[in-house]
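In what follows, chain A forms one complex with chain B and a second complex with chain C.
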Partner chain A sequence: MAKKPQQLAIDTRPWRDTANNKPFVRIKNVSKKFGDIIAVHEVSLDIYKSELFCLLGGSGSGKSTLLRMLAGFETPTSGTIEIDGQDMTEVPPYNRPVNMMFQSYALFPHMSVEQNIAYGLKRDGLPRAEIAARVNELLVLVKLQDYGKRKPHQLSGGQRQRVALARALAKRPKLLLLDEPLGALDKKLREETQFELVKIQEQLGVTFIVVTHDQEEAMTLATRIGVMNQGEIAMIGEPTDIYEFPNSRFVANFIGSANMVEGVVSEDEPDHVRIRSSELGCDIYVGHGVDCAPEQRLWWAIRPEKMVLSREQPAGLHGANVATGIVEEIAYLGDISVYQIALESGKRLRVSQTNSVRGNPDAITWDETVYVTWDEDAGSVLTS
Partner chain B sequence: MRKGWFLPIAAALGFSFLYAPIVSLVIFSFNESSLVTVWSGFSTKWYGELFSDPQLLGAAWLSLQIAALSASIALVLGTLAAIALVRFRRFRGRTLFAGMVSAPLVMPDVITGLSLLLLFVAMEGFLGWPQGRGMLTIVIAHATFCTAYVCVVVQSRLSDFDRSLEEAAMDLGASPVRTFFDITLPIIAPALVSGWLLGFTLSLDDLVIASFVSGPGSSTLPMVIFSKVRLGVSPDVNALASIIIGIVALGVLAATIIQLRSKPRDRQV
Partner chain C sequence: MTATHDPTIPPPRRLKPWNAVEKGLARVGITGRMLVLIAPLIWLLVFFLVPLAVVFGISLANKQFGRPPYTPLLTSEEGTVQLTLHLNNYIRLFTDNLYVAAYLSSIRIAAIATIITLLVGYPMAYAIARAPDRWRNILLMLVVLPFFTSFLLRVYALTGFMRGNGVINQFLGLFGIEPIVMMQTDFAVYVGIVYTYLPFMILPLYTTLVKLDVSLFEASADLGARPIHTFLFVTLPLSLPGIIAGSMLVFIPAIGEFVIPSLLGGPETLMIGRVLWDEFFSATNWPRASAVAVAMLLVVVVPIMLLQRAQGAVVEK
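Showing the complex of A and B:
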């Protein structure tokens, strides 16, 4: 695909140009305590118009509490929430220009699909004809034209999910909050629905904030991801930033799989850093400057696919970046194979290799001694 | 499973133990003879007699009014108590409140009746209200113990109520009051109906408490029947009892149908 011109990239990614773009949702130093438990701690977050922002975190990370504060079901203990320039911190849920899609879908069991979708419109006192037209439009949008008269219990899980989405979109909210929108669907349906969700979001231009614990879901859906850990935002960034340039050990481990190695800085130059690692049994040469001090203890993380295996000893870089080990396990996944290499120190590395040769008879196999090597920019140096 | 003879016989014995007295009562209500235990032919004359007995009819009408009123009062109070217990999970004295709400379920009727009587007498002395004892005091007394039953029934319904339904309604622009009437009430309605029916039946049944708190000229149906039976069982009481059995059976049937019909509809989705 042709590369997008820089100007366009900034247009669709307003967060890259914060000077000229006003955030649509502004969360400032928000904390929430339940008794002695701090659910959300000093979170600040700017979300821009038409973004599909994912809050990603494990259970108890505070992501759902943050979402509920945006919806108005919880009031922050401190801090403010602004939506479209208006302070919403104390506004009750029924007066917010925000709608939410619930994890359990929360469809009203005593109302038909149409009545469910029309409920919010009726509360706004819209004329009957307009409500009917809008409901119809939404049923078409979620492809449920023939299901309007059914009750929720007569629908499948996927259909219920779409009714919940239609109901949440009915009032044309400026901001839609989605709590684990695909959590209750099976894997296949989930993948289909993911793309449908993105399509609808782009079509309507509504700002979406999605809470999920599923990193794959976050990576596919999001324009940006906020990784949450113990009530705090650990990192905010585009999916590629989060995966390729994690800012901490937590993020590196939480997203995808990573080999984490401890080391000590032996050379600290503006253009490169050398890390001595007894775990790896070799030095790590990093091709850029790092904010650190000589003899500082730090961590280095590398993704399994960023390393190369070979039988012959490679040249390495400045006498670094080559580790030696024995193949302990191989997991053949079809497109790739994941090798577990046991190093002399007892440390194990996971290295994945693309199976580009069909049924390769010369593939590296169990108990072989192999060399593992990597590029000078392949790993991330982490100080926290 | 092998078909044995034991289970059918045991079932037959059990059911006849439960229902033989009732069946014989209904049969003898159609007896022509004025002697309750001697069958002399089929007749509906006792039903006719029943409807020309102003004392019985008056008592029946009073009982129905009391039952309807006290069940309705109990419905409101019991529902409020249930909401407080389920929704406010932690408040000071919750355990005490929960225990006290359900205490009337196990309290002997005699004690409930006696304590209410003492209360009414004391209140009349200090406040001048309620003046004397009669329908009002019976209604208050019945509402007191029916509240406990309604509370238990509604509580169990509310505890598996998905709160996100209410949140969804508020999120779509409904005020809390609106949400209660649009969402909460329709969903817990079956529990309210069965709570009300339960209260109605219990009030209609009650003899002991009513005897304590009733006054002159306000005898409920069970009280009238009881006093009549003490003078010897007359066949018109059989007829009356048959009618009551019919009404109760219809009520139970209605409650069951409501419960069954609401099951698939209200399954949380």
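Showing the complex of A and C:
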């Protein structure tokens, strides 16, 4: 549900043109240590206005600590954080033009929905009438017009989530931080809410930074994703970049599923590379140049849906890109089936095939010897 | 699947020595659950309600010389049983200024002491609740530690601090400051009550404060509230149940406090506990003393009920 590219004018993807666009949030060499533990290590990150940036990582990857430093709940051990050109590193949370939506929602239990939303506005000393109008506006935005007088404990999980969002948006923050915003919702509600969240973000043009451990959520929401691993940023990119062109074994494995194969470079030409892989039992022909040296040991990753299964031996490419093995497992998922192919080396490949024929009697089945083939640009060569 | 035992072998019969008792009780319609409920009821009946009834009965008698030192309620004469209720003890409570003044003074002293205890105890409870995990139990232990010494001893020890040549005055003397009169004043009584009842304030406050989600404070700060506003609008309202519970635990026993005012207070420190003591032991006027006690119970029970209702309302929110 990320924005359709054709809806975006060139200037709404400012990260593609860093020379002419000033980042809105600038995180420079930020580290955070808790005692001996390094939670965030030398992270530098630029986020542009109206972006919906996802920080994606497992638990303990430092993504939440980074978010809390943006909100001002933690002070970086070193490095600086700039928001809208102003250094925010030492500014306390109550003086930042930033609001946060908490994972637990952190709604004030002793206040009604209206009072919760009005809380930040009251602290700013706005006139009563203005506060009432703004609260009403937000209740309409999150479709909770009739729930203003309720207490948080009288609401469902989804409603609480929307109150939390309304409260965080009330002060028209320049930057909204969302900590696992959909984590506490069930699957169906989560899908609906993802859509709403993107709609609201587009409508208001606020910059969102979302922390999530759910890669599917990151892929659907984000304009860009920052993958975090052990306190460091492993990769920053648009969802398609992250999925199709991972820059490391970690990213390839973390996002989606990938077959990872070890190999040795046997031909290193400017227009192609040949990798000898004993695991695959064949060569890999890559149709573009790679920054590597002959005889270098490296890895090659390929997504299950990028490979094709067949009973007859395919022609292959330049005498490469054809592996053979026996069907060991089949997972039928309805729209696709995932086959696990055992190669002679003992290596197992996961290949997914679309079930385009209904109840196909001729489908490949268990214990059949099959050939696996792929295109010259289907996989990613990874050197780290 | 691994079965814990073979289903074909019946499980060993458990010996139930209480089976016979259980069956016997069941025959007269008593279940285990009832027994559990009956035990505290009997306790309350024997050690609370019956003595209370006795006190109430005595309060309706008249003083007399002899044993017991009060007139019997029931007298029988030629087959006529006569119930004599003397209300003059209660009437006296209102007509004699001493009692009204003592009640009001007790409430005033207890109320002021409760407020001071709250002001002292709240920051302490807050600090303990926010302390690192490994410190928390040690700090709580320190709060409870004074209970390991006799209450009487601790109050008596305070006199050593506050008397004319006590520790405080000797310390002040080092700087050439004239000794301050602290003993036998209301001040000493406040010090005594605050000191002895502080743990009763801190513990309920701590339990409410420690349960509060830290993210609520962060959310408040995030929405632009300075620390003082976060305290006033979030922390304080959410700790209200603890404030009410702690205040009740201090206020109620402080009203009837006897040891502290008699050891630390002066002759002008008028508290109902001392009046009660004097009636019983100096004037040997048991009926009057009983009337004072019953009236004190009412003075204490009414605020409890009001506070409990207030607490119920807070919890409901």
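In this text, the second predicted complex is superposed on the first by the 375 of 384 C-alpha atoms of A that agree within 3 Å, B and C clash if a C-alpha of one lies under 4 Å from a C-alpha of the other, contacts with A are read in each partner's own complex, and residues count from 1 in each chain.
Throughout what follows, contacts are C-beta pairs under 8 Å (C-beta built on N, C-alpha and C of every residue); 3 or more make two chains touch, one makes a residue touch a chain.
A quick note: this is a predicted structure, and the numbers were derived from the prediction, not measured.
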item	value
When chain B and chain C are modelled together on chain A, clash or fit	clash
Touched partner set for A:R190, first chain B, second chain C, both or neither	neither
Partner chain(s) touched by A:P152 [first = chain B, second = chain C, both, neither]	first
Touching partner for A:R303 - first (chain B), second (chain C), both, neither	neither
Touched partner set for A:P92, first chain B, second chain C, both or neither	both
First, second, both or neither for A:K32, with chain B first and chain C second	neither
First, second, both or neither for A:R160, with chain B first and chain C second	first
Overlap of the chain B and chain C footprints on chain A, listed as residue numbers	71-73, 92-95, 98-100, 102-104, 106-110, 119-120, 123-124, 151, 167, 170-171
Complex contacts: residues of chain C adjacent to chain A	213, 215-216, 218-226, 229, 233-234, 237-238, 317
Chain C-touching residues of chain A, taken from the complex the two chains share	71-73, 92-95, 98-100, 102-104, 106-110, 119-120, 123-124, 151, 167-168, 170-171
Residues of chain B defined as touching chain A within the complex	162, 164-165, 167-175, 178, 182-183, 186-187, 264-269
Chain B-touching residues of chain A, taken from the complex the two chains share	71-73, 92-95, 98-100, 102-110, 119-120, 123-124, 151-153, 155, 160, 167, 170-171
